[in-house]
Structure formats: structure tokens, C-alpha cells
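My structure is below; once you've seen it, I'll send some questions.
Labels run A, B, C and D following the written order; every chain starts at residue 1.
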């Protein structure tokens, strides 16, 4: 139920740093219908964070803070969510950017008219302070940011950390939030940048390593202080500024100092809070929402929502798939033929129809990527080699019998003669997983493998027990993207024993002491022998995806897809669809068909000139 | 009797004037078997200035009769027929609602038995007195309180404490005296006491009865005492009416009735009284149990089952209450045939 | 004055204990509502015992008949995966009644035990027991259950019953204690002790039978309480479920089926609701008979 | 009144001990919880599209709010902070003090529960008196039956029904917020009207689900008081009917105050359902959210505050009883 939404919906907008966006294609979507139509009126949408807590600080570094990305919180650019062209990006406070020194230096030119809601201009120093704060929050380090240089008041240079060679550097840093220096600057010590430099030491000097550790600790402590800091008022460089809020809704009014204020039509935005999907259903059915984000719902609710005057559905893809994962440390799931047989036995159409009827589509392939990305990256010849594991009990029987399994009195026996039963583990509150597990249990039981669904009380204990190897078969989200390294890391990453330490890949078996947070619960072989492809080392290939230039990723992805499809470390069940709703009776001109924009919040649509009064 | 001297009746011997005149009063209770009479065709005069005792076992209808004097029979009962003429009020049976309410408490005072809590437990006596005054449109409430205090003092209560107390702070005897204050503070001239001494200890009983006698005399009241205790009547009452199964079976001057009961039931009651002087074994309890509403025989004398002198006529005919010489009345077919109970 | 009163009627004879069951039968049969109540209880009890044997362990699903309207094949329609709702109701009864029965038994055993001991011993032990009772009465039960669910996965029926029983005995303990105290005030205990009876004998043989009727009625009342609580927990979805039951159905109907928002899943929502209400109605109606059976005063009315 | 003061003092001592026990219970409970909240937060971030390294870094900031000292030290610290009304810092609200969060949610629950109790108590008591006085008429029957029926309906069922009827079938009432945020907060008619219209449904759910209980209890209490001698005595003294009704009412309502205390606890418990179903942002919803997010400091804070609210309400109900019943006052 409620967790599910939180779970997947966020990818529409929350993303802080995925994929690359180099300057060239930066100004793509801003051409939409210029300033016609009158302004004014209220635009009602959903606060994608869910709940609103009036007591929380108006601070983007607080995870429950009262700030609303794309409305009153701005970043330098907004990711366009393109799998085939990870360079696509919508400009935010940065009008344009160029990279030099092999992508190691990024020169950013701010929007000439960018101003805070008190009329003061947004300066390069604001960016520098914001990025310094990002170090205290631990968000700048993974982006491989090294230092920041103010060129002039509207130009700033971002430099990668020494030794790093990150192909997604630009997108990662450009998506960090930009806050006013005059509000947050006083929270930072004067020597913040030398502290940051000290903390980044990666050499072998013991003294310097100790100093780096100490500096990191200081940064984290600063981060806590900054996260809890409550500015007295909202100072926004975005199209709107927060005017009032209560636990049910936040009211934002137009920021007349916004650099593209002339393109912004609604004079007020109301963001409704929600605590469960059914609340969004109710809002939609009562026709109150002008835009609603991804919301899981059953078919009957969909029909009812669409029957309301003006309500329209906007569907785009998400980069998330739900899968059934195996712990290959557990017999008989270490047998490829068993995993393949199970893939033949699970009718993915039926599972999706029950579990995620509206915002899902059954997965055709199990490649570790969502199906549409498979189309982007694999040639039709390569795709034809993929096994789709269409529902086929006879193929399953064949595979099982080949592996020494026997069916006795309607029940399948392991080769050792013991009866084979399966427990599928899911999580309390994740109703799509639970429903899917029931369908799967029913299908497998009918086939002669008594299967029961077991539910963990909460996600935290599910993940802990999963990492500790307590479950043989359980649910898993994979194909997270569009960054392909992230995508394959879900299969051949920490949960498969692959850990990157000091820029080097290491592998740990399931019995090794678990990595800091995740154990190796997949336990796939380190080398696959894939027919037609040959030996594949999935962990190494995955790591390579983060290192090689984007152009070279294609070949690696093809290998990984083939290997995954053949070996089935998981069985991909369905891809989530980003089903959004808009109401066209008050506002028109929504960015339908623009996948990049649909994956961003309506605040960006509005500031890019979409959304006109009817 | 322990106390033979009953000097009270000398105060107003044989007064003809009745303060309350009950005529053909029938009170019925609705039961599963239809409406059954608890008081049947009662005629009774309460002479002004005298104390009348009404005696009977439980279920005899005496309490119902007492309530009927105020037209206050509680559901499922109701007055079926008859009249209750009260001097200065009129027939309470036909009185309008408001006039009836004014008569209650204002003209006719009613004192509950001591075991019952006749006071609102959540209010002090004084506040309830004020409620009483307001209900009866007393203009000068201070005067009312003064009078109540006077009455309290008269009855040996600390007036300030008594009026400032809640019910649970009062002893049984004190409660009873407070009850009398409520009955008399508005200068009612008819006082109805329902079992005024039941459940009191001996000292309190004597005290309360003494007070009743005194206020009766001082205020020139017409008083009715409902009791099952013949001793109380013997001590206090000028006249005595004996009730059985909703009927008055014998009535007359107290000392005469006690000295020479005409009805076998009266005789039985008297014989059942244990004596302090003499052999306690000589007291003979009445045999059998008194009838309740549903067991009163529809025909004949209701007492015949327990009657030592029952005759054939008793089976078929309910004896009427007839006057016998000496100003007494009795309802018995065997009257005058000498009730040899002694 | 006269000391002995010859006119006070003799005390009512005690009701004879013989023929309790025939008496009980008569009391139940007196009103049609009580017969109905008893019938409903028996009906659901049978459903709980026999129900799961009537259907396969994994109920068949049908992805082509999701939220199907009622028909001959599916008298109450189907759920989100095309499973027969009637089958869900029938098989779900066992969990609901089993855990409610466990809860009622635990409530009664703990509540009666604590109440009897507190009332019997009085003094410091009484105060101590009553403070504990007050604690259980004061701490709001439902939030406590939710908080408990974070460390204790009490989704299985016996565990659920145990939790509900252990958190819900306060009211009964207090009532049994006051009953025991009133027995004490009537000189009951002194008399028994005067006869040289041992403490366990007095408590079990003398006091317990006197509070038994009250306890018996509470047994039924705590069944309804437990049903509400467990269904509520599953409805909120804080406790992972082990077996199909009515509360889970409510949860799925509302939060995944949108039964509140659209009519399609309405019957899926109403079926468990009606089952719950019907069962509790049956218990309430039957309680009326128990009330009369154990409170002879009411019998005259 | 010294009796009352003594009574109050002893109640407060008992209450403090109770709060200490409940606080200790939640303290140790939270530390016994299985599963790693940091891991869950990390997974959530990752599935929302945050890249793994970044997610790990972010969760480390959150993890910083979890305590590391030995248990006894933590416990001592916790109690000491509790004395200063400091309930620790929230995980899901990154470091915002728990006391701040729960105290800003508390008014909404208190508004709902109090209005619910007042409404159901007033209506239930009046209907109970009517049902008792007119118990042989049709009106009495209708009232009694309505009481029995409603009494049997659990709170969450009532809330579901109301939500279905009045937010979907006939969308008459607004929902999902405590008031219209575009109206400035203050004592303006618009604001109060908005507050009331948003609270009507949850309050109605509270009121309807407890109305039956009050009605039935009041009815039987009135019936029993009607049989009391002082009622007849008042009639025989010619006391005005309105005064008599006051006598009856005040006496009959007394036993309800002992139930009131229990009922308050029940109502606060029910806030979990009602606020969840109507999306009303009070303590109940906060408790559920904190459990779903495994934000343990917030969870224990919300639970503790609910318990304290019930304890305080109990004391108030008890004192009220003392004020109304003179027998308790002196005794």
C-alpha cells in the first residue's frame, strides 16, 4: 500500500544525480509555446515527498524539510532521463556549461536574470557555498567534485577530484541544490574548502589519512547542524516561493524575480500532502488535482479517475522493474535449470495483471534492464537471441527432469527424493509484491511445487535478513536507471559480493563478513559461461560501466544482458510505468509525450512555459 | 403493650371534621394479567388534628394508599376511581398538574422511611431546601431557611451543620428529622409519614416519634402514619385503620381497636406482638403469608385462607366495611361472633 | 419498643442449582433474538472448524476475473486476483475465531486471577496488583499493539491471541476484584475462614463460582473486543499476516482495491465487514441470554 | 477542598510513575527492534533513483542521529533528557527534535478527540435520558436500537463508511488537510470555518462510534436513578419537573465519568484509525508513519505523548468526578 508509492514514485523527481548532461544539448525543451494565454489562477498538484510537516525547517538539506524541488528549490540543471542519451538535461540556474580538460573541468554560466525572491541576484558564490554544503551532506563526494572556482559573479568552474575520471560528473554536480549564501554561508567555517581538500586525501601517508578522516568527521558534524538549521523564511530562486503551509498542503505563490517569470502562468501553486495512495485517488476522483504523479492503483480506480471531467492520463516509462531474486547459496536455486524452469512457470502477464494492473507492464526479457532500454541498447539480432521464457509448464518439466527432479503423486521431488517446497519472501505493506507472491504461489503450487508467501514485518528487517542470507527466494527492485552502472549494480553489486574499495573492485563470498550494510545474498558465480557469448565476468563488466566513456558502454551492456537473460540471477516480473494524471479543465498544454519533462515535477513544466490557463 | 399511656387522643376526641376524606378509592397496577387492584374501594376519613395510623403487612396496599393521598401512585399503577378530598386543596385525584404539585409539599407533607434516601446525594440540604422554596414560588427564601433552621433546632439538630450537610454525612435519625423539615417547612397541614421509624435504632425511633408527636401537637397537623409496627401506632395514633389485601378491614379509635379487635386479622396482628412482660412464647405469629396483587382471590374474603373463624359465606362474598356501634368499622362476616383470639 | 418484627416476609429461597442446562435452554429459547444469536455463533464456529477443509490450501486465482461481480460461481464476487470472496470469508474465519478465542481465554485467566488475588488479599498486594492493572487500563491499547508489532511479529493466530489477551485484561481484573471485595463485605470470606478452609479452597471453591457468571459474560465480550482489535491491526497493515483473514481482506479492499473510492471492490469490502458485524451481533444477542441466566433479578421482568 | 488537593497529588505521583514505566518500555523496546533502519533508508533512496554511493553517504548523515553509547548510559541520558521534555531527534526528519514534531501534531488529535468526546457525550447523554424517560414509547425504542446498533460498529468501520459516503459518494466535506492553507491562520471566521469543515468527518466518526455506548450507559443509569427514592421524594415534595430532571441527570451522569476515563484512552487509541482513514495529521497518523519509516525516536515520542495525553485526561476526568460527587470529595 503506502510504501509502494514512496518506493517508486520518487524517481519522477527526487533524483539527485544520475546520468550525464553535457552542455551542448542543454537548452532542449524551452521552446514551448511562448507567453500566450493569460496568467493567474491556482495550480494544484501533489507534494511528492508525501507528508508535509509544518514544524520542519525550510531547508533542502533536511529530509523532511519544507522545500519543493522545481518550485522553490532550484538546481543548476534538471535531468532529462534519457537512457540512450544520458547527456540530455534541462537548464536550471545554469544557462549553459562547457566541459574541458577531458571532462574534468566544467565551466558553468548562470542564467543572466537569475535572482532570489528578495531581488538579489544569484551569484557564483551562492553556487560555491551550496556545493560546500553538499560536501557536508555527503552528496558532493560521490559526484567526484574536487573543488569550485569562482570565475566571475555569474561564472563558476567545477573541478573533479584529483585522480577521478567520472563519466557522469557533470550531471551529478549540476543537480545539487543551490541555496543562498547569505542564508547558509554563516553555517560554514572560513576554512571549509581546506577542510574539504584535507578530507579528500587518498594517498598512503598515514598522517594525512588520519587528518582526512578527522576532516570528514568534522564535515559530517557540520552536515548534521546544517540539516537541522531552520531559516526564518523561504528564499527561492525558482518560479515560486513558499507562502503558507499546514500538514495537508503547502501554498506557493509566484516569484516575480524568477528569471523566466514571464513564462510562468499559474500565480499560485497548492501542493497537497498525502499519506497513502488512496488519498491521491480521492483527490483525482473529486477532480481537484491539476497534476498527480505516479500513483499505483487498481483498474477500477483508473476507470473512475478517467471518467472525471478533464482528467487525462500521461504515461511514460520508469527505470524500475520488480523481480524475483534467488539466493544461489541455497540449494536448489544454485541450479540454472531450476531458475530457468521457474521462469517458464511464472506467468508474468498474470502476475502483472493482478499485482500492478495499471502502472506496470509485464517484463518481456530478464536482462537487468527495463525492456525499453533493451531496445535502445541491443540490436534486433542480439534481442532475438534473448530467451523470453514464455509461460510453458512443459519446458519447465523438461528442464527439471533433466536436472534429476521427479514428480511423484502430483508433487515435485528434489533429486535426493525429498519434496520440494518454496517460500517466497515479501514485505508487509508492499501490496504489489504481496499480491504477486500470491499469484506465483498459486501457479507453482498448481504445478506441483507447494509454494507459500511469507511476509516480513517491515522493509528494514526484510533487507537485513535478506542480506544475511535468510531468504532463498524474495522480491527485489532492479533495472534502476537510466544510469547503466546503477542498473547493473543492482544485480552485480554489493548484494552479489562486489564492492568497490579505493577505486578497485573486490569480491566477497556469502560467508565473508558482510560489507558495511549489505551482504552477498545473491552468490552468483563470478564467471558465467554464456552460449554464443563465452565467458562473462558480470561483476567486472558492471564496474567497467562506471569507468568507460559512454560510447563504449553498448558492447558491455550487450554482454551483460545476454548473460543475465541466460543465467537468471533474478526473474524480472514487470516494469513499472510512470502513470501520471493531469486535469485539462483548468489548465492546458501539458508536456505530454515529453518523457524527460514528465519525469520531472510540474514546477519545471511551468517554468519552461508549459501549463496555460484554459 | 410496653407503653400503655396514650394520652394523645385526649387532645381532640371524636372530632367530626375530616381534613382528608377518601371515598371509594381504587388503585390498580398493570401486570401481565391485566390491571389488578392494590387498593380496593377504600373509604377513610382522616380527622383534622388527629393522628391516624394505617397498619398492615407488606403488600397490604398501605403505601399505595399513602401515595394515593398525594395522587402520586407510580407507574405501572394508577388511580382507577374514587376521590381524595383534602381540606383547602380539593380532590387531589382531579387536580390539575400545577395545583397538584403546589399541594404536594405545600399542603401535604410526606416523610419517607428512614432507610430510604429521600435526599439528592449530590446537593446539600440547604440547597435542596432552596429548590423546594423555588418550586413553590416562595418569595422570601431567607425566611424559608430561617424557618427550616428553626425547625432543625426544635428537633435537636445543629441548624447550620444540618443545612450544610450532604445526605451521606447524616445519620439515619438525622435524615428522618431533615425529612420532617422538608415536609413541614412550607407549613403543610397534612403530614404523611411512611414507615417513619423502620431501620432506625431504638433511641432514634423514640426520638423521631417524640418529635412527630410534638410537631403534630404544636402545629395542629392532621397526621397519617403508615407502618407495619403496631407498637408505633399504639404509642402515637388516635385512630387506627388496619389494611389487608388493599382493603381497610377494621378502623376505629386506637385503644378500642387494640383492646377489643373485631376482625380476626387485627386480633392476629395483636397476638403476634411479642411482649416484654410475660412469656415470649405466648406470642403467636400469624400463620400463612399475606397475599400479593396476583394472589388475592377474585371472590370472597381475601383473609379467609388464614382466618381461624372462616365460614362458608367467606368463600363467595367479600365482606363490606360496615359501621359498628362505638364509631368503629369492620369488614368481617364473623363480626360480633366474638373473635376468640386472645 | 418491639425488637422482633413478625411481619417481615421470609427471605427468598435460593434458586435451585439443579437443572442449570434445562434452565439455560429455556432462557435462550424465550426470545427469538437469542436463538438467532446462538445460531450465528454456532454457524461461525463451524465455519472456523470445518471451513478450511472445504477448500484447497491455496485458493485458486483467476487473473481474468478480477473483482468480478457476484455470480453463481462466485456468490460474493472475487477479489484482486480473481479468488472467490466467499471462499476467503469461509477460510478466513478460522484465523479470526481462533485468535479471538485465545485472546478471550488469556484475558479471562489473567483478569480473573489478578482480580481474585487482589480482592482476596487486599492490602499491599492488592495495591500493587491494582497499580499494574491501572497501567494496563491507562496505556491506550491500540497504539501499544502497533508499537509492539515493531519488535514482535505476532501475525500467527495464537501469538495474536496472546498479545490481545495480555494487553486487554485490565477491565476484567478490576471488575472481578470489586466483586470479590463485595463478597468479602458480606462476611463471606470470614465465614469460610472460620470454618478452617484453606486459601486455595476458599478462592477456587467459594469465590470463583460466585464471580463465574460475570467472568463467563466477559469471555464473550472479550471475543468481540479481540475480533475488533485483530481486524483493526490487519486493516492498518502493521502486522504481516500469516493466513488469510477478514482483516487482511479489509486492508486489501481499501488500500489496494479502492473499495472506498469505487464500487467495483465494494462487495469485497462489505463481505468481511458484514461477517464481523454479524458475528458480533450474534454474540451481543446471546449475551442477553447469559445476562438473564446469571442475573435472576432480570428473570422476573 | 484539601481532600481534592490530596487526591490530585496522589494521582500525579501515580501518573509520573506510569509515564516513567511507559517511557522505559519504549526505550528498551526501540533498542530491541530487529532490522536496520539505515539499510531501509538506503534502499529507499536507491529505488528512488539516488545512486548507491550517494545514498550511502546520505544515510550516513541520518545514521549520525542514532546513539552509540552503552545501553545504561543511553537510558540515563534518555531519562534526563525526558525530564527536560527532550525526546531525542527524529531520523526521518533528519535531526528535528521529536518533541517539536509531536507537539505540533498533538493539537490536531486533541481537537478531534475532545470534540468527538464532547459531541458524543452530549448527544449520547441527552438521547440516553430521552430513551430512559420515554422508554415505553416509539421514540425510546428507536433511540435504544440506534444506540445498540452504533455501539456494535467498530471505529474504523464507522470511519470507512463516513469516508466512503461523504468524500467519494457525495463529496460534501473537504479532506486531507486540517484547514485550507491559503487562508491565513487566526481567529477569522474563514479560518475557523475551514478548520471546522475539515474536522467534521473525523469528529463524526469518533462521535458516532462512541455515541451508542454513552446512550446505553446513560439510559440504564437514568432508569436506575429513576427508581431511587429521592426522585419520588422530590416529586412528593412538589419540586418543579425541571429541577427534578436536573437531579436525575446529575445523579445518572456520575457513573459515566468513571467510564469517561476509559473512553478517553479508547478515543486516543482510535486516532490511529481515524486519522489514517481521513488523512488527518495528528498523533495517530504520526505514530503510523514513524512505524512505517522505522523512525524509532519519533515512534516512541508519539506513543509516549499519546499515553501522557490519556493519563492527563484520566486525571482530569477523575477530578471532575470529585467535583461533581461530594461523597468522593470528602472521602
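Operating definition for what follows: a contact is a pair of C-beta atoms (placed from the backbone, for glycine too) under 8 Å apart; a residue touches a chain by one contact, two chains touch by 3 or more.
The model shown is predicted, which means the values in this text are computed figures rather than measured ones.
By count of C-beta pairs in contact, C-D exceeds the other of the chain pairs B-D and C-D. Among the other chains, B has the CA centre that is most remote from the centre of chain A. Here the CA centre of chain B is 55 Å from the CA centre of chain D. A separation of 52 Å divides the Cα centre of chain B from that of chain C. Centre-to-centre spacing of chain C and chain D amounts to 24 Å, using the average Cα coordinate of each chain. One inter-chain figure worth recording: chain A and chain C are separated by 48 Å, centre to centre, where each centre is the mean of the chain's CA atoms. Contact with two or more other chains is made by residues 149-150, 238, 254, 260-262 of chain C. Within chain D, contacts with two or more other chains are made by residues 34, 168, 276, 291, 294.
The residues of chain A that reach two or more other chains are 2, 276, 282, 285, 429, 458, listed in rising order. The touching residues of chain A, when paired with chain D in their complex, are 2-3, 6-11, 14-18, 42, 51, 53-57, 61-65, 137-139, 141-143, 172, 220-221, 223-224, 227-228, 244-251, 268, 270, 272-276, 279, 282-283, 285-286, 319-320, 429, 458-465, 467, 477, 480, 483, 486, 489, 493-494, 516-518.
By the touch rule above, chain A contacts chain C in their complex via residues 1-2, 276-278, 281-282, 285, 297-301, 303-304, 347, 349-350, 353-354, 357, 428-429, 431, 435, 438-439, 441-442, 445-446, 450-451, 455-458. Every residue of chain C that touches chain D in the complex is listed here, in rising order: 131, 134-135, 137-144, 146-151, 171, 228, 231-232, 235-236, 238, 254, 259-262, 269, 273, 276-277, 280-281, 284. Contact residues of chain D toward chain C in the complex are 14, 17-18, 21-22, 26, 29, 32-34, 148, 152-157, 160, 163-164, 168, 262, 265-266, 268-270, 272-273, 276, 284, 287-288, 291, 294, 296, 299-300, 302-303, 306-307, 310-311, 314. Across the complex, chain A is touched by residues 34-40, 42-44, 46-54, 56-62, 64-65, 89-90, 92-96, 100-101, 104-105, 108, 167-168, 171, 175-182, 184-185, 198, 276, 279, 281, 285, 289, 291-292, 294 of chain D.
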